[in-house]
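One chain, chain A, links the two complexes that follow: it is found with chain B in the first and with chain C in the second.
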Partner chain A sequence: MMDASLFTYALYLAAIYSLMAIGISLLWSSVGMVNMAHGATFAISGYAAYFAADWMMPLVKAAVDGPQSMTVLAILTMAVGIVSGAIFGIVIYLVAFLPIHDKPNFAVRSLIITLALNLASVQALLYFFGPQQKALPRFLGSGRMDLFGIPVRIDQLVTIVTTVVLLGLVLFWLRVSRKGLEIRAVMQNSEGAALCGISTRWTALPIMMLTGALAGVAAVLLSQNIFVNPTAGATPLIKGLTIALLGGLGSVPGAVLGAILIGFLEAATGIIPFLGQRYVLVVQFAFIVIMLVIRPRGLGGLLDETRE
Partner chain B sequence: MTHQLLAVRGLSAGYGPLRVLHDIDFTISEGERLAIVGLNGHGKTTLFRAIMQLVGWQRGSVTFDGVEIGGTRSLGEGRYTPGIVRLGIAMTPQGDAIFPGLTVREHLDCGAHARSAWRERARRRERVYQLFPQLETLQDALVGKLSGGERRMVSIGRALMSDARLYLIDEPTLGLAPKVSRRVIEALVNIPIEGKAMVIAEQNVAVLTGAVDRMIGMHAGRLRGEVGHVGLE
Partner chain C sequence: MEVKPTQRLFNVGQRPDELTLKPRGDKPWHRLRPPFTRRHWLAWRGVYNPKSLRRERRLLDKRPLWWGLGLGGLLVVTPFMSEQMINIAAIFCIFSAINVIWTLIVGAAGIFSLATMAVVGICGYAAAAANVYLGVPWPLMMPVGAVVGLVFGLFLALPSTRLDGLYYALLTLGIAEICRVSITQIKALAPNNSSINNVDSFIPAAWHLQRPGLLVGFAAAFLLLLAALLVFRLVNSERLGLLLQSAREDEAFSEAIGIDYRAARWWVFVLASCALGAIGAFYAMFYRSISLAVFSLDQLLLLFAMIVIGGLGRSEGAVLGTAVVVLIDKGLIGLGPLRIIIVTAVMIVVALFARDGLTGIKAQFRGFRNRKKSERRAARTEKGGEVMPEEATEIADKQLVYRRLFDKRLRDSLKALITPELIAEHRAKPLGQHTDALDRLLNYFRREEMPDKYGILRVGPLTSCSYRVIALSGRAGHPPRVVDDKLYPTLNEAFHAVFLLRVNDLLAS
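So, the complex of A and B:
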């Protein structure tokens, strides 16, 4: 039986995975690009957050007294993670989208370019910062608190709440703003959007900045539990990509549902005595393969039909 | 003398090795409603797509209000389409539920995407609702769930939301019941086109009788001359 702390852990994993998977899914459904550099965005944002936190910590501690200093540091570091993710999104746009978006076989070409960009970024991080792991300060808190009688780890709770609030804001912005309408129009039918005067060429830029920023948020939140290193983005990329596939590339609700399922599966697999943490990936991939055999379009995936 | 809005000269276009259009020549002036009529598969849609730069390749000249928008430059499909829309051409394509997951209101607002039009989108929507009253009650419904006739009205309404001066309406009655077809054509006739023009591509010649100023026949990718003068009643 899954206890309350395991339930929170599962939601925590689901939150991180959904940030990655939604980024990958949004980009595929809007500009038809599988972004293999999403992992590099994660790692670069993690490094930016680490150096920013390292530099800002004494300044913040001098300016703000008590436990509030950690809250201020968390907000500033999160902002740096978001901005650096968005900036790397611009780099991906300039390198892997703009020169080739109207050429034949864009999907395959962009996949190869983003994969190359990912490898180059990892090597650049190794060259400049070495293989040493960097630990961000635990600014989200390390203790537990009592929530409706359930002991919950504060960092996990903050991660879940932050993700829900941020994704809620993103979905709200997509629904009510002019730019959001443009993005949703491009997601549904890029030719139809062009006939409305909406240019995929220019709409792709805010989408890439947005998805990069989401990867930046994931990097800062996850860095409370893992170390930052040049290959830190590999696992989140693979998990994000497979969850986006499970959810049905292009479906935001599908990606969220996929992330929740995988989060619970990972948490549950870890406590099964004859499986444990070693078998988490095996069980996850087996589950995804079986799901895709049963439902090839994934859990959502309805937008694929629209794109065709 | 009326101002010539669109001039197509010697236009050939196609997809890959396939040449669909052969030396198309026609013009349309402000205040005119023109129909291109012909059977399915003879190039009417490709002609509209060529004007909107949505075909694989093209040769010849397309000028809109004196500005060359076609020609021989190497084009990515759809790359220049938003620019042509901003110049003032709106096309409603066949199979018109282009955004089935958007509501009627959002679909219409897409037509007013340009910054200047966006500010007055509410007023423009009212104008569309005057033309198609049933859309007002359906404004929060998903376009993909509407009937064929309602979707056609949304599609035409989307074109009217823009600052377009030339409307290209592709197969407005395709797949619609005769009664609904007549309502859609009536709505097209009721659209004020002072200083503007409209080209309708249609298979059903009978439904257009009395609704357009002139008709040009199209067969095997070539324009075959005027079908007959059919003045507005």
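So, the complex of A and C:
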């Protein structure tokens, strides 16, 4: 039942979901806010990537010929997605974090503001670009290739590899750099970090930009398979949020494990004959409900306990 | 004939124009009570105004007044408005009722449930199906909805004490989605796009969407809102609410003194679900149909925006927020998507500047004003005898505070007058006519308080006496003390010695 293409599909879903979930999880554990505007970041980066690809396509085709032109376009579009995601991260930082991060009720108020930003950006996209769906060029390729005798869709493979590489880079950066050390210190104990002279404001800014950029990557990668439209961010936001919660907020390994579980669950639900695609969300929520009733703190809590 | 100047009386106090009620001193004070209780309808208090020195009657809690004005105004104005506005008013009442009950769950019980609209929708569907397919008459629809809400609430409440905060919010969001999808899968409803139509209603079918029908709908929705407020009041301010308040303030402590706050939360949640079920049945009757739009995430977020703008945890916040959002959302319907952007802008502004929503602004402003006041007072204060701000709050007689400030200013001006010439003038002639500066100084010295006031003691026989300076104790029965052992041969020299001591004290103060 679980054949090879399904396996890569599940990994592909897990890759996209983990990009979203890690963003939400990182932000919660370091800054202490639930970023409901993550879906808006996703949608806006998707639109930015679409317009950039639309505009750059003739230029790139003129400059580079042959199959390399698509690779160049893919890299440029990805860069645009990353940059626009990071810029929207700065916007969220300026509106939802900077004015109120040291005021009472920060967690609830920032949640409300990011929720409002999400609603507002969806409506603004609808207002300016209309409800039409935009399709990005398939620059990741659409053929299949043989990987150790298994036929794999190229775009899914590229997505998985890109995600693994990018997440590896991010985790490596968090592990070795000075800023990463500061971020990890804030994640462990924000008051202690502040007492050691680590500025909460200057640590939150790169985290916001980083999580925004991750959402931008997810948008560009996923828009190879779905269309870009104003409400495109809603599903990734809900999936990311549920997976971040399932993994236990603040736990990166928990988020990755949750994303893989949910990815496989979604891929499996889609092909079971009497369930089918319509029940994907229901099965997922039912699974998460059962998981949360068994483990109220999510999977990350489990990992934390075993570590101790 | 000499014209007598008209006497001007000055109003005393900060707000002399404020209307105050004066109690009749000669009559006993009757206060109305709700039947069979020892509570009062309004929180009247008799207070003594220290500024005007009068007895006053004050309404300690003015919220009933605002409630009466707001809801009474709505009730009076609505019948004269356009049909569209009547409909908006009715929708406002229904959403307010939902939000008031939701506030009970989120604010009083502290359970962050997002399944509100799911409960409303499921119960609405159940009641509508009971009416359409089982032939239950419409007056029984609300009890049916309440029973379904009770069962559904029991089911939802099971994990509520185990999970906390966001995790429970997520779970309820999931349950809402599950509800929506399972209704889309009901085969019998598929031809109507999963909605139930032609539900019986308290509005006669002939009046549907006509002006009398809209008015009946509004009146019923208004009664629904009143009932929701009554439920809120009965749960939040009576025993259950008090138990939950203690849990909100300190969970560990309330558990230690034997309050089972988990059971109290559970009860509130189940009661609120029951009420939401009844509202769901009302919803189906009001529209004469119910569709999947009840479950939509946008609707839920809009409701969330309402309780957030008004202020989480207060019934007046829920109603005020609903009024603001419904007016923008339904009143400006010509603006299209722009009106949602306006709602979100209001949300952002409120969340940025108001700590507890619109209804928390008053308390927040008072705190801000008090902080600024004390900052200003602290900046203005110099050391030197006058009252410090922290001391000033504890002195009841504010005249004393000002007296000390005045004294300090007077001493500062007198210090500037002291010159070597002035001292020489006093040495030459301690008694008799002096210059203006010396007169002012001596006048001030004469007004000193009795403790430590200087005196002159004659030492030895009258014919060959000398003089010594003493300081009075200021207390009856306690002798004065000797200041130093210098002896002055003449009285004038002794006068001058006292003068120098006082000048010294003044400059040192």
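Operating definition for what follows: the second predicted complex is superposed on the first by the 300 of 308 C-alpha atoms of A that agree within 3 Å, B and C clash if a C-alpha of one lies under 4 Å from a C-alpha of the other, contacts with A are read in each partner's own complex, and residues count from 1 in each chain.
Just so it is clear, contacts are C-beta pairs under 8 Å (C-beta built on N, C-alpha and C of every residue); 3 or more make two chains touch, one makes a residue touch a chain.
On a predicted model such as this, the values are computed, not experimentally measured, just so you know.
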item	value
When chain B and chain C are modelled together on chain A, clash or fit	fit
Partner chain(s) touched by A:181 [first = chain B, second = chain C, both, neither]	first
Which superposed partner A:116 touches (first chain B, second chain C, both, neither)	second
Contacts of A:296 with chain B and chain C, given as first, second, both or neither	second
Arrangement angle, chain B at one end, chain C at the other, chain A at the vertex (C-alpha, nearest 10°)	60
Which of chain B and chain C A:249 touches, first, second, both or neither	second
First (chain B), second (chain C), both or neither touched by A:59	neither
Which of chain B and chain C A:272 touches, first, second, both or neither	neither
Contacts of A:90 with chain B and chain C, given as first, second, both or neither	neither
Between chain B and chain C, more extensive residue contact with chain A	C
Touching partner for A:286 - first (chain B), second (chain C), both, neither	second
Touching partner for A:103 - first (chain B), second (chain C), both, neither	both
Lowest inter-chain C-alpha distance for chain C and chain B in the superposed arrangement, angstrom	7
On chain A, positions contacted by chain B and by chain C	103
Sites on chain C touched by chain A in the complex	159, 162-164, 166-167, 170-171, 173-175, 177-178, 181-182, 184-185, 297, 301, 304-305, 308, 312, 336-338, 340-341, 343-345, 347-348, 351-352, 355-356
Complex contacts: residues of chain A adjacent to chain B	101-103, 178, 181-182, 184-185, 188-201, 303, 306
Residue ranges of chain B in contact with chain A within the complex	52, 54, 76-79, 81-82, 85-86, 90-91, 93, 98-102, 106, 109-111, 113-114, 118, 158, 162
Contact footprint of chain C on chain A as seen in their complex	34, 95, 99-100, 103-105, 108-109, 112-113, 115-117, 119-120, 123-124, 126-127, 234, 238, 241-242, 245, 249, 278-279, 281-282, 285-286, 288-289, 292-293, 296-298
